[in-house]
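One chain, chain A, appears in both complexes that follow, with chain B as partner in the first and chain C in the second.
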Partner chain A sequence: MPTSVRRFVAGAAGLSAVALLAGCAKNAPQDTWQPKGPNAQKIDDLQKPVFAIAGIVGLIVFAAVAYAVFRFKDRGQPIPEQTHGKPVLEIGMTILPALLLAGIGVFTFRTIFDLAKTDDTEMVINVTGQQWWWEYDYPVQTDYGITNPIITSGQLVIPTGTKVLLRETSRDVIHSYWIPALNGKRDAVPGRVHYLRLEADKPGIYAGQCTEFCGLSHAVMRMEAVALDKADFAAWVKGQLELADSPAEGTLAKEGESVFLNQCVRCHQVNGLKKADGSPAIAAPEENVWSGAAPNLTHLMTRNTFAGASWDLLTKECRKDVWEAPGGEFGKKYLAGVTEECLNQTDLRRWLRNAPAMKPMYADPTKLGPTDGKYRGMPNLGLSEDDIDKLVAYLATLK
Partner chain B sequence: MFTNGSKYFIGVTGFSAVVLVIYVVLVDGAVGGAVALASIMLAVGLLAGLALFNRDGDVEVGDAAAPANAVPVGSSLWPLVTTLGIVAMGVGLITHEIVFLLGLTALVAGFVEWVIQGWSESASSDRRFNNAARGRLIHPLEFPVIATVGAGVIVVSFSRIMLAISKTTGAVLFTIVGALVLAGGVFFAVRPNLKKSVAVGLCVIGAVGVVAGGIAGASVGKRDQLVEANEEDHFAHKECGEEKSKYFDFNSEAKVSMRSNPMATIEFVDGKLQARELGLKKLTDRITVQKSNNISVIFRNKTEGEYRLTLFYGEKEVQEGVVEELHNCTQMIESGEEQLLTFRIDRPSIASEKPYKFYVPGVEDQSIEVVVP
Partner chain C sequence: MAIIEQPAPVGAPALPAAPTPTRTYGALRRPVATTGWKSWVFTVDHKKLGIMYGVVAMFFFIVGGIEALLIRLQLAAPNGKVLSADVYNQMFTMHATTMVFLFVMPMAAAFANYFIPLQIGARDVAFPRINAFGFWTLVGGGIIVNLSWFLGGAADGGWFMYAPNSGPVFSPSHGVDFWALGLQITGIASLTGAINLIVTVLNMRAPGMSLMKMPVFTWLQLVVQFLLLFAIPVITVALFLLSFQRNFGATFFDVSAGADPLLWQHLFWIFGHPEVYVLILPSFGIISEVLPVFSKKPLFGYPFVVFSGAAIGFVGWGVWAHHMFASGLGPVSVAVFSIATMAIAIPTGVKIVNWTMTLWGGKLRFTAAMHFAVGLIVLFTIGGLSGVTHSVAPSDTQQTDTYYIVAHFHYVLFGGAIFGLFAGFYYWWPKMFGKQLNERLGKANFWFMVIGMNLTFGPMHMIGLQGQPRRMYVWTEARAGEGFFNIAFWNMVASIGAFILAFGVLLFLINVFKTTRSKEVAPLDPWDARTLEWMTTSPPKEHNFDAIPTVHHLDEFFHRKYEQDPNTHEMKQVATAEDILREQEANADKHIHMPSPSYWPIVLAGGLPVIALGIIYSIPVAIVGAAIVVLALFGWSLEPSTAPDSDFDPPASGDGTKELAPLG
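Let's look at the complex of A and B:
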């Protein structure tokens, strides 16, 4: 073998070994081979046999090729008699794969149609993508105690054993919603509404990732689906429906509230927040952000990740405690939210100090021509450390 | 050294340069005129160069200059056109700007053609050569202009016809016209050896027909509906209330081809409004839509009579102290028909004292609340 070929073979072998080993990673939350709900299960039920069949066919083909290569190697023997065509073999080799593919096709179509079903929906949630985070809003559904719409971001909370239908769309470019443990991916396209069925068997956090390249921070546009059992879900709903309380006079958090009113409320809504004159403070992200939206922060501390589910609001230990809690305890731990002791101040402060340094965003005020002066993402607000202290104290009250 | 033709063009170039300088000095800040004069100067300068370069179109003839044209040349149209242009400009000054502009165009066109024809006629003693020389110079200018004017005439004629006849007649008529054009094309294609005169004749008949139709259409005027809708101020009509006009918003398309994307279907069934949200089976009187996002709903009228669906979505201060209600609506929809309404609400429900809602103008007590989180 010439050295170049040898090198290529060695490289390819090395790469495949790495790929193979990566497949064995223990902590792989976005593993497509570990379904955690009936929709993903359907896909798994299809992909396993298809993978097996394809594997067997592949092995047969490899074996045949290897046999031919070695058996008929040029050893100086005379060239055998040349014939043309072998109808039986040719027709057989056409019909066999056709039958195989037709068989796979039947099951594939059945799965596709099953996954496209919407007439058994028990709950709908609007999922709206934008650069670079997901917003969720829960339309009024009194059966679940949702008497007013709920709005949140990053972490999608669903009841276990419930057929949830996501209505996906986007406010700017095409994104794609994908929670591998619960279902396949579905594009979120501006101006269109696409459905995605979602159902989780057991309580837990299921990680996902935007899978349609959507610009600068596509890589940190993540999301999580949080499944709670029905009782816990009802408690979550109840909490989400509450308005934010104003912190007590004289506290640091109260000072933070006024910083928030000055700096943040032009983009971020906090339901229940009042201006100094007592009128409700209404955010106007459509005037400041290109997509027209910024996360609603009313219940920030009930989610445990932020900024496109890419950073933790929980410290390492607390995160482990919640994320790895056994099914029975998970709900209670998640519902506890982010407590004072568990708040990951480091990352939250870093975000407030200079968000675009943490997550690349189009936030340079001198380069906003193409977006009519609107930011894509959160700008660096140049806050003083003093203000950041106050803000963190205030944000910590948003439960 | 200098041929007759080039002397002439050099003279004109110099003259326009002088005029340009005088103009720039005397007339303050009138860029348009300066640009026009500079363009003329450039154009004649170019012609001067051309004439010099090709020795008035006859490279064989040396500096001895062309022999006098022995053959008498025919009469020319261009002095007449130029004169007409001047007259029209005069008339235009006291009547209408457009007449003046047409006169100016005729003047410039006639003048340029005249100059070039004059030059070409003395280029050599061979008339055919002179004609070809003229063509080489002027055709790149003439053809685009003629084509533009021709296309313009056809477009204007078509539009006059379409504005005069009714919508249905228009559809039928232009189906026939289109078919005829296609048939003509096929005819020419299968008979490549057709006599030129026949082909030309057919084209002329077609063109004359279109222009005659256009003139007829223009003299008949717009169809009544358009006139009346215009009198009703059709184009300024923005209200989404009960329809009082006779034409505005009626005869709408009322067909929906986009099926997969509406967030909700809103039906007006026997005087009652009801909504069904995408993905939910139950009827509801309250739908939830995202903020700052383009949302579509289908409105279907299942009540006798024509109705529209109107969305109220808050108030906006349009000027200091002037607050306007925000509305969006479908057209008037006949019974059994439907239409898509696309809207975008930028403020959450809590920003409005009155709830956002869909309603049917003129029908009391029927509404679908729209909640924006």
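Let's look at the complex of A and C:
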């Protein structure tokens, strides 16, 4: 038994050391202890002392238990007096933690209300969750050059040093939006709108993940927040407002456009895409997908990831080049988008070949009774390799 | 078995076999078997039912454990291929459901059933047939919940089963139906059990045992029964709403019909948080018995432990929304629940202080039971302190739904609740079976479990703080990080730890097997214990005590064995357990009337799963089930709970009756 206690004490000390170390190592992208914006910083300023206090209290308890276990082991001592306690000690040990917690409570209170403020908002983005991806809808905000709504998905692009307010909701089940480096999480609940403050100090990509269990592919519902400095953000907005150009006649991409018009446009909107007769092609995801939405692909190649930010559109080398670029260069590299030589064809083709094999979705046509035949997620379209070649060529033009 | 007997001292010539009723009462002839399977299936004896609760709970512990191992196999490496997304989601849902509802709760009920009457000096519980009914209802519910594995897939919405993901559109298999109806049935077991034990504790204590002389285990179980009494109806309502939504087209959680999904969350957690204390308080009770016995000291600050337990029982109702800090409740609610959650740490902390102070100045013997009890203090402290870190709501918005939470509640529920139950196994085994579990194997059992549990759940603190969410059927190397905190490394460690832990549990099963086969009989009072359950034979006779003891002290049994020398103030042994038992046998009560076994509890309980299956598959079947229930209720009401004397041959020969336990 004594060794057990020694081990626990060592373990606890180790854990505290670990807690202190967390600041320096190159940690996971969703590390909760590396705030990169004022909201997450507020949480961090609160949680670090609490962890420290908890660690100290733990060490005191372990030390007391360890001491008692060593000191009072049965070595043939007489049966101790049958005392029933010391009320003074008891009351003291009730009041002491109460005071400690009251102290923590005051700071907690302040932080809760600070993080709930919405009256200092500088920019609003509507965020909608559905199985298993996020849609971002930028309402018109002329201060930022957003003269028309922008609809995008997967990667949330925000300007640095700007108090962004996310207005979250969901089209099906409950999801939760979480970019650990920028703030804690907030659930996106159907029928309700919840607010989440987000602000990034520096340009960069901040990883996040849906954290409310949302069904089959919950594990592969990811997202990223991309912070660009104000000039780069303006450039990004300008790009997003443009319509897609039709590829030149006679190219493979042009053939891909007609495959897209036959298949993909049933759910996926590409702004500016025209049917053969010249009328605008309007996607109708509400007829095919239970949530009623599918990612808008107009500027697919300006994003680095696809399918719920779960696979890279960039090849490994290019991804490294962009994601690990120093703050000053990051914006330019990100804005360059996915160039042809950087396109991760392997995963994109795999996806087009059979999406539900990569990311489990309710896509088996025989089992869609409860949803009146509508899919949850993307079905296997049964495309030929030829069609896939053409589609990839077309998608690569969506910049 | 209903008996009228003159208790005989151990070793005295055996009395004639228990008399057999010759007449039929009620619709069915009473069961009369005193041996064989019938003596178990139709029993109303709280001790037999306690053992059966234990066996069923242990079976589900193994089931839930295998589910846990499959989960850890899947997560040992990135992009695991052991389970599909669909099966994984069923697996973690059922792991939690099984461990909470079918292992920890029934195992705590096993100890409550077996030991509450013994600890308060009663001969059985207040309503023995309802006790049997509760057990068989639990079995029925457990079968229904798990049947789904074989009938198209188990529930896949997580044990918290948030709406609208639990609705028919998002969970189209029958899994959630089985889950909701199965838990509805086990809820009946908990509710009837709670009422039964509350009445038992409040009405049937031995003469002289005031509430403040009651053993702490019984006290904390009493708090648990009150928690169940008020919490189970809440989950019952929630489960009814869910079942009606899924099976009869109701729209309680249908957003398009104007519902608010947060309704489910509130209902679930108003039940779910008190439920946490339902799981942990029985184990607190167990170690509050074990620590004093092996420290040779009374529990330090008995009234503080009792009242802090009751305080937890009250404050536990005001903290449910701390499971919802990220749900979007608004800052006022979040702040209130944040503070309330911090407040509940205070009575919990009081217990830790009291246990530590019980050790202080004692004469500590490190038996296997004591190992688990001290292990609980340390492990639960870790879980409690990580709990304080997420009572701080803003901090919780970073931690909730990550592995940090998984680490937290496994330290609380494995390191706390389950270690307490294991302490109970080793401590009470000689009482229940007259044989002692092997101590060496028991200590090996402890060490494998404690090392395995720390390797499994310790790294999860780190994995969670590094941002790995829960309930993910795969994790990706792209988000694993590098260096010391590398998620991949620690996931592998956690998986290895899970198998070490499982080996520890296997050692326990081997220990049970070996002990069962061994012929060695345990001493009457192997631990020099302090409370009434040790004042009778091991295992206790059917009527528990030959003479109901009169209680003068907290720790009555200890004070009958030891007295303080008025001059030297030293404790001196004045009697042995054998002396005390002999004295009791010499003054045995003359006419002890025990409740009779009955067919009705199992028949009535058997109707409920039939109703559940009928609701899922075909309403006429449900009507058959309902008919069974109604008829069984009639049969039950017409049958006297205790067969009258005239029902027996030969009739009672005792002089005058001495009905001590008001049995009904």
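One rule holds for everything that comes next: the second predicted complex is superposed on the first by the 371 of 399 C-alpha atoms of A that agree within 3 Å, B and C clash if a C-alpha of one lies under 4 Å from a C-alpha of the other, contacts with A are read in each partner's own complex, and residues count from 1 in each chain.
In this section, a residue touches a chain if its C-beta (ideal position, glycine included) is under 8 Å from a C-beta of that chain, and two chains touch if they have at least 3 such contacts.
These numbers come from a predicted model, not from an experiment.
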Give one word, clash or fit, describing how chain B and chain C relate on chain A after superposing.
fit
First, second, both or neither for A:165, with chain B first and chain C second
first
After the superposition on chain A, what is the angle at the C-alpha centre of chain A formed with the C-alpha centres of chain B and chain C, rounded to the nearest 10 degrees?
60
On the A-aligned overlay, A:149 touches which partner chain: chain B = first, chain C = second, or both, or neither?
first
Touch count on chain A, higher of chain B and chain C:
C
After the superposition on A, what does A:192 contact: first (chain B), second (chain C), both or neither?
both
Mind working out whether A:58 is in touch with chain B, chain C, both or neither, as first, second, both or neither?
second
Could you tell me if A:291 is touching chain B, chain C, both of them or neither one (first, second, both, neither)?
first
Does chain B (first) or chain C (second) touch A:280, or do both, or does neither?
first
Contacts of A:271 with chain B and chain C, given as first, second, both or neither:
first
Is A:373 in contact with chain B, with chain C, with both, or with neither (first, second, both, neither)?
neither
Looking at chain B versus chain C in the superposed three-chain picture, what is their shortest Cα distance in Å?
8
Which parts of chain A are touched by chain B and by chain C alike?
190-192, 195
Listed in rising order, the residues of chain A that touch chain C in the complex are 1, 4-5, 8, 11-12, 15, 18, 21-22, 25-33, 40, 42-43, 46-47, 50-51, 54-55, 57-58, 61-62, 64-65, 68-69, 72-74, 77-87, 89-90, 93-94, 97-98, 101, 104-105, 108-109, 111-113, 115-116, 168, 172-174, 176, 178, 180, 183-187, 189-192, 194-195, 207, 209-220, 222, 290, 310, 360, 362, 367, 369-371, 376
Residues of chain A touching chain B in their complex?
118-119, 121, 124, 126, 128, 135, 137-141, 148-151, 165, 167, 169, 171, 190-193, 195, 269, 271, 280, 282, 284-286, 291-293, 296
Please give the residue numbers of chain C that touch chain A in the complex, ascending.
84-86, 89, 156-158, 162, 164-165, 168-172, 255, 258-262, 295-304, 326-328, 330-331, 334-335, 338-339, 342-343, 345-346, 349-350, 352-354, 356-357, 359-366, 370-371, 374-375, 377-378, 381-382, 385-386, 388-389, 392-402, 447, 450, 454, 458, 461-462, 465-476, 478-487, 554-555, 558, 562, 564, 569-571
Please output the residues of chain B touching chain A within their complex, sorted ascending.
260-263, 277-281, 284, 286-294, 346-348, 350-351, 371-373
